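Two complexes, one shared chain (chain A), two partners (chain B, chain C).
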Partner chain A sequence: MKRGALKRALGIYWWVLLFFLYLPLAVVVLFSFNSINSAAIFESFSLRWYYRLLANDQIMSALWHSIVLAMSSSVIAVLLGTLIGYGLYRHRRRGLGWLIVLIYLPIVMPDIVFGIADMTFFVRINALTGWLAPGLGPMILSHVTFEIPFVALIVYSRFVGLDPTLFDAAKDLYASPVKRAWHFIVPAIKPALISAFFLSFTLSIDDFVISFFTSGPESSTLPIYIWGAIRKGVTPEINAIATLMIAAVIVAAIISLLVTRRRPQTPPEGR
Partner chain B sequence: MPPSFEVSRRSLKWRETRHLLLTTAPGALWIVIFLVLPSLYLVSMAFMTNGPYGQPGMPLSLDAFRQLAGFGFLGWSPGNLYTLLRSIWQTIVATGLVVVLSYPIAYYITTCRASLRPIMLLAVVVPSWTNQVIRTFGWMNLLAPETPLSDAAQFLGLIPEHMGLFPSSFAVTLGLVYNFLPFMVLPLYAAFEKLDTTLIEAAIDLYASPMRAFWAAVFPQTLPGLLAGVVLVAVPAFGMYVVPELLGGGRSMMIGNLVAGQFTGASNWPYGAAAALLMLAATLIGIFLLRRLGKRAGGGEEVVI
Partner chain C sequence: MTNALATDDAGRPAPSITLEGLEKSFSRDVIALDGVDLTIRAGEFFTLLGPSGCGKTTLLRILAGLDTANKGVVRIGGHDVTEVPPHKRSVNTVFQSYALFPHLNVEDNIAFGLKMQGVEKDDRQRRVREMAEFIKLTPLLGRRIDQLSGGQRQRIALARALVCEPNVLLLDEPLSALDAGLRGQLQVELQRIQRRLGMTFVFVTHDQQEAMVMSDRIAVLNNGKIQHLGTPREIFERPANTFVARFMGHDNLFDITSREGDLLDTPLGRLTVDTRTHGDKVLIRPETIELGEDAETDANYFTAVVRESFYRGSYIEYRLDVGEVSLRALSSNQGQKLHKNGERVPISICPEDIVTVTDGE
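Coming up: the complex of A and B.
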């Protein structure tokens, strides 16, 4: 029974790996309920840090900035990225090499170079014209830039998975291009649009480096606030806010699992 | 009626081009304006001179590159060279560890019930959906002095008394492995799922040892997935900023920290821009080499990055 032994060893290894993956998150969650300000000794259960969180205006405004940034950048990125995805699909027989390179550029560009390039560029534009002062505006512009490729690729792969004769059917019915787009194309790719929106949203909430360099003093997002608190060594409420962010991710994961369960034909996506 | 046919064909072609422009131009222009132009500006900045207040300006010079190569007021120092080599070394070590850790897991998931697999994949990916600052903060808490892990390391004599496991190069490696492991599991899993098992049966029929059967019949089939994973892990690991900044000390600095330092603390934008160029060049060379390797290994099959 050598094969059985291998399978059992792999099974044990699986749980060890999961332990490794969830340990740092579990520590953050556990100590968010600590009654004293310590990351080493757990004294007793308390919701103290959560109350302090609600009273902390800086954290609340950082949360608000994170949500505004993720929402607005995802909406714009889904619009522009879907158009690109459709264009890529319709004209896939043409040589679109330059476009593919352009679309992959934000993905392969190291975050730090991306952030610094945008920061210096925005500072320069601001010095010349007075536009794009550091703040949420430039942050949205940057976030849209790195979200577009993911939307385009998701939408494109959805189109590839569709039956191409459906397009001709819509044309045969003499539908105008706008009507075709609204009544036929959008419903057909709706699952891809939803997952593209959620992926954009997650990417935006997850991003620290690019936000960090393009933000201004009045536009800190949650990761930027957390970063600052860690650097300053003042971290009591950090565990609590981090726990809420982890909880949000786990809820999102469960929703995505339920959605993909319902639609087994949707191709798997993700970074 | 050839003339009108000719006209309609031309108008059709124009309509197709117009369609292509209408759909792709807005997004493409967005990327050009907010990424390509800024990058070109950054490139040009590397050839400028640092002003008295840290802002770049004229005249054009190669000072930034001289400084990057290690020439300063006090003669040549190998600091930056070490930082570059350290970044490459950390990337190689972390990527290697990620491959070794992910390979059995990707295989294991394919052996489980089909209904369980999406849940297992999700379980691996979910930690990477949380913010990287939070994940790294979790490790800071775990590796700090007077925590069980640090105490155990002290007991084994691995670190001096009253010290934590961070800041250290070890902590940076750990952080990199932790951050990028899921990026390797996903493509490897896809490769294992497509595995043609008849090849393994053939190898066993030919009395190949399990080892031999693995290297001859399994490994080559998973290689394209593995190389795709290597690109997904190595590229962001090389450019990592958060992990070495929080988990590493001054002696575990990576090139991302060198770049960022010139724009946050010690303002020297041309110098930082030159370092960013070096980083970008190294990244592109790495991707190019991996793609060539992938094409050779995959027998012409394109490795998607």
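Coming up: the complex of A and C.
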């Protein structure tokens, strides 16, 4: 009887958890389709706020900045982070294992610390050289910086999961260093590269703190715009933006899940 | 495939390997190779045999170019390849873990070496299909690696190496992960393939039975040194030292307390041997001990007490006590009466079957 009670309690816990995780999101999504400007009464279904969104130049330019920032920083972070991941893997047995701590640390470091540090850093560089004025340049640099550790760790763990003899086999089968990278290493870690890209992309889209401290007047991203807008109250327009972001994240998560999951078995050929 | 390689074989004799003064250590304390000189003949099935840590895998990796020796010269087919990187050596390896690429299917795995060498796609496909035919795995070509059994993976690893038609094929304990039945089957198959292709095979194993079944010649390694180089029969019947004798499974080894011509005093008693020998210990192989009254020799008679006996089907294993000394004997099962535990049995050993061995490392 006791086990039955425990089971029921755990079942209830599961539903309560889901309730708190998803109900607030569901409310946002629901009210983004509201035909009237109210956060309390849902009158009827309408795409009114979405049309308003499309017509709002400020929002469109913030969206564009977010996408440019996320795309460019993720591509650069995947390229550079993969090199770090490979380097950590190659030298893991040379007493350099502690280096991975240097990669872990920024992941747990509060964003606000990074944001303030990046701001002072770039402002000083700008004052000295005239380069890197607040705007997309420093934003991309700082996003690349905080994304690299995530990429490096994902790639590193993929390498650790590979049979180390595969590297020997590639050498033994006439692959020069360049061919080894192209025909063995890149295809072997491809799932890790794709999921690292999607993670970087979502981290970048999602980031407010670091972007806020490094952005300039002409480079607001969506989260910065939203933060500015809600000081005047949550409008249904904001709900619409949030709904679009939820949709984008869900799509990215599904794609990355499909890629990293083992491909379905192909039926054996012939007889 | 067979024909293509057979004609090629006539025109191009497989080269031999020469190793001179190879030394390799991984740190001051870990010496893997301690001065190895060795010549492997063209077209030979050669085995490096020894316990784990004896240096056999290091030697194989140096042949492949995956490790470099601290000292010494490696020649393959007369060319000094000591400094040649692995991807430029006409040597291929079958790895213990098979090391099949998980992102490629069976066909692309076999084709990998050819592709890296820049063989045209049509030619590549033809050679892969011929090899698949030769090694009887055509139905598997489209499969993913994780859909294969251990035995199938082993054959694909072999095909992937053979299709490149290397001068030398290296095999690093390729059968150790398989169950006994399959292993026996593949031992025979590997030997047949080697004979048909006439390729030089260098095989690494710790299993002395496997080494004897397959090899033309064996080098027994221990502590980074070659202890004995010879045919399976030489190594089994006339081991160079006590290490080799024990490694080959011999346990009837006795100290020689004094010698007088062809008479040796041992804890077992006085033994007559065939020739003058200089070893430190006497070796009596269990299958050379004759049990019963009707022995064919007139020397080396003893009375033994059967302590234990094990019925092994085609032969019977006895643990005998001769005085204080215990002795292992194998008697082939020809339907004779079996001796019971505690029974007193006369035994005899033919003088020409007794060898002496020096103390080894």
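One rule holds for everything that comes next: the second predicted complex is superposed on the first by the 247 of 271 C-alpha atoms of A that agree within 3 Å, B and C clash if a C-alpha of one lies under 4 Å from a C-alpha of the other, contacts with A are read in each partner's own complex, and residues count from 1 in each chain.
We adopt the following convention: a contact is a pair of C-beta atoms (placed from the backbone, for glycine too) under 8 Å apart; a residue touches a chain by one contact, two chains touch by 3 or more.
Model, not experiment: these values are computed from the prediction.
In the superposition on chain A, contact of A:Lys190 is made with chain C only, not with chain B.
Of the two partner chains placed by superposition, only chain C is touched by A:Tyr174; chain B is not.
Looking at the shared chain after the overlay, A:Phe42 reaches neither chain B nor chain C.
In the superposed model, A:Tyr50 lies in contact with neither chain B nor chain C.
Between chain B and chain C, B touches the greater number of residues of chain A. In the superposition on chain A, A:Asp163 makes contact with chain C only, while chain B stays out of contact range. In the three-chain superposition model, chain A touches both chain B and chain C at residues 268, 270-271.
Those residues of chain B lying in contact with chain A across their complex are 16, 19-20, 22-24, 26-28, 30-32, 34-39, 41-42, 45, 101, 104-105, 107-108, 111, 118-127, 129-135, 137-142, 144, 146-147, 178, 181, 183, 186, 235-236, 238-239, 241-242, 246, 256, 259-260, 263, 269, 272-273, 276, 279-280, 283-284, 287, 305.
Here chain A touches chain C in the complex through residues 162-163, 165-166, 168-176, 179-180, 183-184, 187-188, 190, 262-263, 265-266, 268-271, going by the rule given at the top.
In the complex of the two chains, the chain C residues touching chain A come out as 61, 64-66, 85-88, 91-93, 95-97, 99-105, 112-113, 115-117, 138-144, 146-147, 160-161, 164. Of all residues in chain A, only 7, 10-11, 13-14, 17-18, 20-25, 27-28, 31, 39-40, 80-81, 83-84, 86-88, 90-91, 94, 99, 102-114, 116-122, 124, 141-142, 144-145, 148-149, 152, 202, 205-206, 208-209, 213, 222-223, 226-227, 230, 235, 238, 242, 245-246, 249-250, 252-253, 256-257, 260-261, 268, 270-271 touch chain B in the complex they form.
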